[in-house]
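Two complexes follow with subunit A in common, the first pairing it with subunit B and the second with subunit C.
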Partner chain A sequence: MKRSHTAACLAMLLTQTVIADAPKEHLVNQKAKQFTVTALNAKVGDTVTFKNEDDVSHNIFSLSDAQTFDLGTYGAGQARSLKLESPGAIEVECAVHPNMKMQITVSQ
Partner chain B sequence: MKFFNQTLKSGVAGLGLAALALIGTARAEEFRTTEDASVVRGSIVFKTYCILCHGANGEGDGRASKIHDPKPANLTLSFLSDAQKEIIIRKGGASVGRSAVMPAWGEHLTSEQITDVVAYLRKINRQP
Partner chain C sequence: MTTRRYMRQAMTILALTLVRCAFAYADSGQSAVLQAYLRPPTVPAPADNVPNAARIELGKALFFDPRLSGSNWISCATCHNPALGWSDALPTGIGHNGKQLSRATPTILNTAYLPVLMWDGRSGSLEDQALGPVESADEMHQDPDVLVGKLASIPGYRTLFERAYPGQGISKATIAKAIASFERTIVSGEAPFDRWVQGQSDAISASAKRGFELFTNEANCVACHSGFNFTDGSFHNIGVIDPGPADNGRFAVKPLKAMRGAFKTPTLRDIALTAPYMRNGIYRTLEEVVEHYVRGGDVRENLSAEIHPLNLSAQDKRDLVEFMLTLTAAPVSVQLPVLPSGVTAELPRGPHLAGLSSPASTRRNP
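Moving on, here comes the complex of A and B:
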């Protein structure tokens, strides 16, 4: 009885650990020509989805050393996703709206 | 009599200032419609929206140019006509079979702003 209880506890602990380390999906909206989230903490392997909730096109790009990318320009109602590949600070910008900026801090 | 003279002088001065203001307004309105004014406005639009890829001098070396292939156009060496430039600015690069990275600015800029940017591009073009 005691042995099976210990095994169950170990299994639960393992499951919790796996869930805690599972990649997460983060949602950032683009609304009123601003990012709805200006600072985001995430981990390597997580995904960030940027959804355009405006009626004009938006773009997503970054020139940061941690991760450089251009997800392109996309219209109203569309979304683009980014998988975080390495730790560091990523400044995300919109090429169409120079005032739109947000930062993702990626940890290991 | 002294009071009358002072009032007259003030009135004349006031009329003079009003006339100068009117002339100034007329000249400002006249300037607004010139090519020079269009270039000035266009340079402001360019430095707000285009500089990121095309660079401060329009040579295609903006800070975002490093992530684009093909590289942004060197606008100082462009051989396109004003009408072709306007189409690309308004409808994006993909509309003419060029880079899809160049956005369609027609939904973001007014027609006057696009005309002004074309005027600015005309100004910085070094093609003979």
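Moving on, here comes the complex of A and C:
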């Protein structure tokens, strides 16, 4: 009885650990030609989705050493996703609107 | 009968109330739209270079002084001429030794409000931008380190710099800061459109009002030409033809597909004073500009998603132009400064002297 209880506890702990380490989905909207989130902490393997809630197109990109990407131009209501590949600071910008800037801090 | 009369009166009152509500709703809607065009309460400036009278006086002197150029005969004001809307009325600028530049001289009106400067946005502030044309081999052709020595050799400048930036001396940084301080004073005046925004209903014509409706709705010019300065500083490839080699624009700064051939959205303030139009001065009139957008641009490769053909009538086009003309304020006379006297330590190097032709350069300008 005691042994089975210990095993159950271990299984639960393991499950929680697995859940805690499961990749997360983050949402960053673009609204009024700004990012709705300006600083985001995330982990390698997480996904960030950028959704355009404006009626003009956006083009999200980064030329940071930690990760370089260009999500291309996408219009109103559309979204693009990015998988975080390596740790570091990613400065995210919109190519169309130079005022739009945010940072993702990626840890292992 | 009495009941019927009361009913009729009640219906009339109800109808009038509904009409009033509809007008009030329309007014509040338009009022909310117009709020976006109000002048910002202050002109932005960085904390380490807050303008004051001494800085502006020095910056104005530097701006109009041809000794800032290698040839000693081109000043900032040669191209950014206050009598020509702070531009030069040329399709593209003319630089050192008469060199034809590849881009139009942008007005410096309201540059204080811009997030980035130059057609390709390669400068992040007026301080960063100020010495760019000075040291450009094609434009003012002046080694900035040599310029520091030149200015230091003129006693009047030593006094002006000490007043403006006490203890900081004459340096590339203080030269740039002073010019930026003067440029922050070059802001647009009150135009008929501004008076309309403030509630003077007859400040602009019925045609201009229709043009504003088109501008903000069907033609959707406001997608980029928004806010008080009629630009959001965004970058777009709008399909302008290059008579010569294709100009990649913003792509040189941000090497992303969408930025190939993209340029910064210019202000429309004082637009009547800054012809010809577009980044290479290809159009002589606002009518030609409107036709460009009606066509949806001419070069379709890598065209901005915001550009597509427009179905506008001849009257619509006239209304759009009429509206844009309401963005021009009454001209303001600019008094030229008396420059500190003194012959520079450098020998005058007019372009008539031999051996001073511009070195070959592929750099884009301005």
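Please note the rule applied: the second predicted complex is superposed on the first by the 108 of 108 C-alpha atoms of A that agree within 3 Å, B and C clash if a C-alpha of one lies under 4 Å from a C-alpha of the other, contacts with A are read in each partner's own complex, and residues count from 1 in each chain.
Note that in this section a contact is a pair of C-beta atoms (placed from the backbone, for glycine too) under 8 Å apart; a residue touches a chain by one contact, two chains touch by 3 or more.
Small disclaimer: the values here were computed from a predicted structure and weren't measured.
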(message) Do subunit B and subunit C fit side by side on subunit A in the superposed arrangement, or is it a clash?
(response) clash
(message) Taking the superposition on A as described, I'd like to know which of subunit B and subunit C A:Ser81 touches: first, second, both or neither.
(response) neither
(request) Name the contact category of A:Gln34: first (subunit B only), second (subunit C only), both, or neither. (result) neither
(request) Look at A:Thr47 in the shared chain and tell me whether it touches subunit B only, subunit C only, both, or neither; answer first, second, both or neither. (result) neither
(message) Just to be sure I read the superposition right, which of the two partners does A:Gln103 touch: subunit B = first, subunit C = second, or both, or neither?
(response) neither
(message) Under the stated touch criterion, which partner chain does A:Thr68 make contact with: subunit B (first), subunit C (second), both, or neither?
(response) first
(message) Running through the overlay: 115-123, 133-141, 187-195 or 205-213 are the candidate stretches of subunit C; which one clashes with subunit B?
(response) 115-123
(request) Indicate the residue numbers of subunit A shared between its subunit B interface and its subunit C interface, in ascending order. (result) 56-57, 59, 61, 63, 70, 72-73, 95-96, 98
(request) Within their complex, state which residues of subunit A touch subunit C. (result) 33, 55-57, 59, 61, 63, 70, 72-73, 75, 95-99
(request) Name, in rising order, each residue of subunit C that touches subunit A in their complex. (result) 115-116, 121, 223-224, 232-236, 250, 254, 256-259, 262, 304-306
(request) Report the residues of subunit B in contact with subunit A in the complex, numbered from low to high. (result) 48-49, 52-53, 63-64, 66-68, 92, 100-101, 103-104, 107-108
(request) Quick one: which bits of subunit A touch subunit B in the complex? Just the residue numbers, please. (result) 56-57, 59, 61, 63, 68-70, 72-73, 95-96, 98
